[in-house]
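Just passing along the structure, written as structure tokens.
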Amino acid sequence: MAATDPMLDSGADFRTRLQTWLPKIVLAPSFAVMVIFVYGFIAFTIYLSFTDSRMLPSYDLVGWQNYERLFRVRQWDTAIINLGIFAGLYIVISTIIGLLLAIFLDQKIRGEGFLRPIFLYPMALSFIVTGTAWKWILDPAIGLETTMHRWGWESFQFDWIKDSDMAIYTIVIAAVWQSSGFVMAMFLAGLRGIDNEILKAAQMDGASNFQMYRRIILPQLRPAFLSAFVILSHLAIKSYDLVVAMTDGGPGTSTWLPALFMYEYTFTRNQMGIGASSAVIMLMTIAAIMVPYLYAELKEQK
Amino acid sequence: MGFLDINNVTKSYGAVEVLHKVDIQVDEGEFLVLVGPSGCGKSTLLNMIAGLEGISSGEIAIKDRVVNNITPSKRNIAMVFQSYALYPNMTVGQNITFGLEMQGTPKPERDKAMAEVASLLQIENLLDRKPGQLSGGQRQRVAMGRALVRDPDVFLFDEPLSNLDAKLRVDMRTEIKKLHQKLGTTIVYVTHDQIEAMTLSTRIAVMYDGYVQQLGTPKEIYDTPANIFVATFMGSPAMNVLPAQLIEMNGAIHAEVAGADGPKHLRIEDAPDAYGNYVGKSVMLGIRPEAITDPEGADRNAKNIQSLANQVTVTEPAGADTFVTMSLGGKDCVARMRADAEANPGQPFEFAVNMDKAVLFDPQTEARLA
Amino acid sequence: MTMMKKLHLGVAALAISATGAVAQEVEVLHWWTSGGEAAALNVLREDLAGGGIGWTDMPVAGGGGSDAMTVLRARVTAGDPPTAVQMLGFAIQDWAAEGALADLNALAEEQNWNEVVPEALQAFSTYDGNWVAAPVNVHSTNWVWANTALMEELGIEQPGSWEEFVAAMQTAQDAGYTALAHGGQAWQDATIFDSIAMGAGGPEFYQAAFVDLDPEALGGAEMVEAFNRMATLRGFVDDNFSGRDWNLATAMVINGEALFQIMGDWAKGEFVNAGMTAGEEFQCFRVPGSEGTVTFNSDQFAMFNVEGDAADSQVAMASAVMSPEFQIAFNVVKGSAPARTDIDPSSFDACGQAAMADLAAAGDAGTLFGSMAHGHANPPSIQNAMYDVITAHFNGEFDAETAAEEMVTAVELAQ
Amino acid sequence: MAVASSDTAIRSSNVTRTFIYLFLLLFALFYLMPLGIMLVNSLKPLSEITSGGMIAMPNEWTIEPWLSAWSTAQIGVEPTGLRPYFINSIAMAVPAVAISTVAGALNGYVLTKWHFQGATWIFGLLLFSCFIPFQIVLIPMARILGLLEIAGTTYGLILVHVVYGIGFSTLYFRNYYAAFPTELVRAAQIDGAGFFQIFWRIMLPSSGPIIAVCCIWQFTNIWNDFLFGASFASGDAAPMTVALNNLVNSSTGERPYNVHFAGAIMAAGPTLLVYIVAGRYFVRGLMAGSVKG
């Protein structure tokens, strides 16, 4: 509800009118910046996707040709399927681990102040650094596998990163490592916000710990779930740096993701038209996830 | 013209009108209470007086100055909020003087004003604390202090006592009343609690559904409610409103209501002319619980006490009083009796009904017949 | 700006203002960021500094220059192109087609570039007959690098044919060594494929398939054979090759874990850094089957349209790049051959001299080809489409016939 | 083993608690491993890395790689180390974080406390802007920076980061301020405080936790950005990440991995520090409202 909306007519003095307009004036720069730098650029990209742009933007329209080509390119299929696998596993596993850590940390754990930053710090690193580190660790020749062999576990084998079918899962591992702590923080915040009295009441009702979490606590974490979902899905769709640093799309093209596809086609292969059309498809995917969420979220608060 | 004039004020959000032609004149020194259930528009009206919400049509004037287009701070008003709205980052002293500071009052004057208010409200020892360190009652005092220090033309209170526990609420109520009597300021006070409305006000505006249902002194409101809503909203337990038939019997108008074991007749004396038109028709009979007693407990000054034999369904002893419920007109009808009245559930009982206090309403318009 | 650099520029500015000249500067975008490369480039910088021209360094490493190309696009779009940009192959042609490059004809004529630069190289340095870039070097990419000690231990002679090459690798594998050191990155797969295709199909096939993009050559028997040979090579690569950097593969040869590596001449630097000498501790020879041909890539400095004084410094820089002194100094460090064919080879080691001789011979015989793997045979879109097929095949997603068919489709889509 | 304290409603047996501790410790190891490996390798001579595994402890400890990465490693043609770029990154990140945070705070304040027609829409549009893939903005952004004549400068980079930081900072502040009692704003209005006075005197002093969250988030994103840094500010104005990439990703030359690891940790240093020092405020800030949206 409005804090103020005096429907002022010309009778109001200047200062009063200024006060009424100030909120809009303050918001205006952000709004302008957003219209130009986000929606203007999106419009520009949509336009480009219908042109024959190659190295630099061109303004000659070619209709749906770029989209037709896009869906005939094999790597695009790979990228889409990979995104499905990656985003699905990444979101689900990060959420589960984040939630478990948060629940466990919420049990009046000694040393929480020590553990929490450990869980949280990966989010501070850039994906480039994370990717490089994991690339080394997962490399069978120099990483985990050899170390295990050296420690006497000769049969240990973990060479997913070298396997076209499994490499995408190693990216999931690294991405989960990076983000699950952040998810943990969101859930922890949610858990700390739950009224203890409700839990006491549930206990009186004879709920076991497990039931208490399933029936009472988790439903109350809905906002945290939603926030986590939105942040994770946006990271998943935008994932680029991590793949580049870890596998650079390999082995072969088995770990391509749409963001990588877009960058490759636009900037390396000089097929800006196809790159733009892939960007448009990505934007539409994001919109398909975000718009219902935003709509529900904002409608509720109206 | 009054001290605070609310002239035909309406409020709309888009096409929806939420406040309809409110017209209230408040005199200097009056204590006006806006009372009604939540969503009735009372807080909206208060916010419009404060300048926190715009006025869609009509006019509000304070001391004959139209304030429609004047910012809240220039209206010379002060407001006490339900949550007290104390600035959590400032000390009590800073909270109290923030308004003066904003107006550019020099520090020595601010300090002087603060000291006066603090001593008036007995919060001198709290001045250096932060709101988070205060109890509910203390916060309430600080919030009042913040309003008092500005010496405004009009005080606005938005449900100031609703966050306090029962005991404290009664104490603070008394305190506010004392303060009003001592300072003689003009107050507009919003509450949903009819007891607060009755105890504090010099006049009450009962609001419902965006309309002022009745504006009057507490006694007018209580004794001659304008309609069924006002009748049932004010008073606790609520007024019994029973379906009845108005009949002419033995040359007098009687109300016929269905008792547990057949129709009961209650004679009405000094019936206003309006009643005549309703003879033979359905009406709603309003009787306050305290007007139904045992014969010994009946009001000695009452002129028309009717006896009513009926079966008791439930008794609820409440210390000083006992509430006795019977079935009348197909509804539960509550009577308020002395604690030693001997009514027992399931037993017949001889009730005494003070028909001086009974009112009749039109069943369609729900307006009181007069 | 670094303190040192500020100081440096300050001093330079002082020196120039003393002589009354205007401060000049070149801004150079490149991805030569590793120690040796940067040191080699520093020769150029100091050369220019001697002429009173400042150097604004703009290194953007990564992705074999692809990140640098992205940056370049941003700069050109912003209307603020660098003076000179390190560039490979077709990128130069693309930028020239956009009209973004400067005209170096006057200088080229004065210094007679037409005569001293091989024609195959000129194809990249000129656009519509106008010089737009100054070539720095010629990397030939069809080299095999071998560990001499290991060859002796296994009794292997330098193989002269594909069959001998396979036999040699079989011997090494049987003896428990990794026969072929390789890193599974798309460009490395393609580098091998380049040489193998040349060996399997010969120069005409190479021209038809990779330059003319003839679908019949792309899907033909030679292509199938090339892919078959790739499959054979795959059998000699260790299991852990995927994603390995090329220099780690080189290290395997250096350490005697692996026998051969097929890689461009930049690999030489690794051997030299490890204290080995060309022709002694390590060997270099052309990939068997591709003898007599050279597939190359060439780093060039493409000169962008700039105005006023900057144009003068640009010409000075182009001149410095083409000077024999810089060509020697740079290429000795870099392991490549100079872009000029009139350079005295005495400062170069055995492999370097062999490279220069091969280059001159191939230039004369018309068997000098721009490397497909390094973007010198066809534009990036096609090059990468080919990468996709080659890599997919190498990782076992296609058999040879399917790969050849995919080659046709991929090229068609990329055109 | 600790016993569940009495004021929590959830009690668990000692067996369960042992399991919980084990689980937490296991994950702590999982989270620490990569950093540990990087740290260990940054303290080894190069020969130990190329000849042996990555995970083994060094036989010979050395801080040489750190010194090299900081001040002598070759970044481009100059042996400057990462030091000058570190300063660039600070010069870029601090103003960009400050501006985007202030803008987000003001936006959140307006959107929650001065609600007007269409404000929800504006917020929706702002929020969606958090999710655009940055690759698509490179070319048009370059054009605009060129027109503004700040291409290739730290100012240009600050602008870019502010522009794409506003969405998230607005989201954080809006959700936080939505839970902030509107009555306080009304009280201040009646007290005569203006738009900015209310913001400055009433809102900001209570915004500590969310300022911490927003600053941590923005600082991490801006500091770690590579794409914009490389595209819009390479050369002298290049941020740390671009320099690190130049150090680590050289194409055809020798690779001192130990120096790379040292450089990587160095580049991550400030954000790590921020998380460790301010991490507690992070959870607190999230609690204070931002997970509600």
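Just so it is clear, A, B, C and D label the chains in written order, and each chain counts residues from 1 on its own.
Throughout what follows, contacts are C-beta pairs under 8 Å (C-beta built on N, C-alpha and C of every residue); 3 or more make two chains touch, one makes a residue touch a chain.
All of these numbers come straight from a predicted model, not from anything done at the bench.
The minimum number of touch steps separating chain B from chain C is 2. Of all the chains, the one whose CA centre sits at the greatest distance from that of chain B is C. Rounded to whole angstrom, the centroid-to-centroid distance between chain A and chain B, based on C-alpha atoms, equals 54 Å. Centre-to-centre, using mean CA coordinates, chain A is 15 Å away from chain D. Look at where the CA atoms of chain C average out and do the same for chain D: the two points lie 38 Å apart. Counting partner chains per residue, chain C has residues 63, 70, 73, 77 touching two or more of them.
Looking at chain A, residues 2-5, 19, 56, 139, 263, 267 sit in touch with two or more other chains. In chain B, the residues touching two or more other chains are 51-52, 71-72, 74.
Pairwise, the chains that touch each other are A-B, A-C, A-D, B-D, C-D. Residues 51-56, 68-72, 74 of chain B are the ones that touch chain A when the two sit in their complex. Against chain A, the residues of chain C that register as touching in their complex are 63, 66, 69-70, 73, 76-77, 94-95, 98, 184-186, 239-244, 379-381, 383-385, 388, 391-392, 394-397, 406, 410, 413-414.
Here chain D touches chain A in the complex through residues 2, 4-5, 7-12, 17, 20-21, 23-24, 27-28, 30-35, 37-38, 41, 53-56, 103, 106-107, 110-111, 113-116, 120, 122-141, 144, 163-164, 166-167, 170, 178, 182, 185-186, 189, 194-196, 220, 223-227, 241, 244-245, 248, 260, 264, 267-268, 271-272, 274-276, 279-280, 282-284, 286-287, 290-293, going by the rule given at the top. On the chain A side of its complex with chain C, the touching residues are 54-56, 69, 72-75, 135, 139-141, 159, 161-164, 167, 244, 247-254, 263-264, 267-271.
Residues 50-51, 74-78, 80, 84, 138-139, 141-143, 145-147, 151-152, 230-232, 234-236, 242, 245-256 of chain D touch chain C in their complex.
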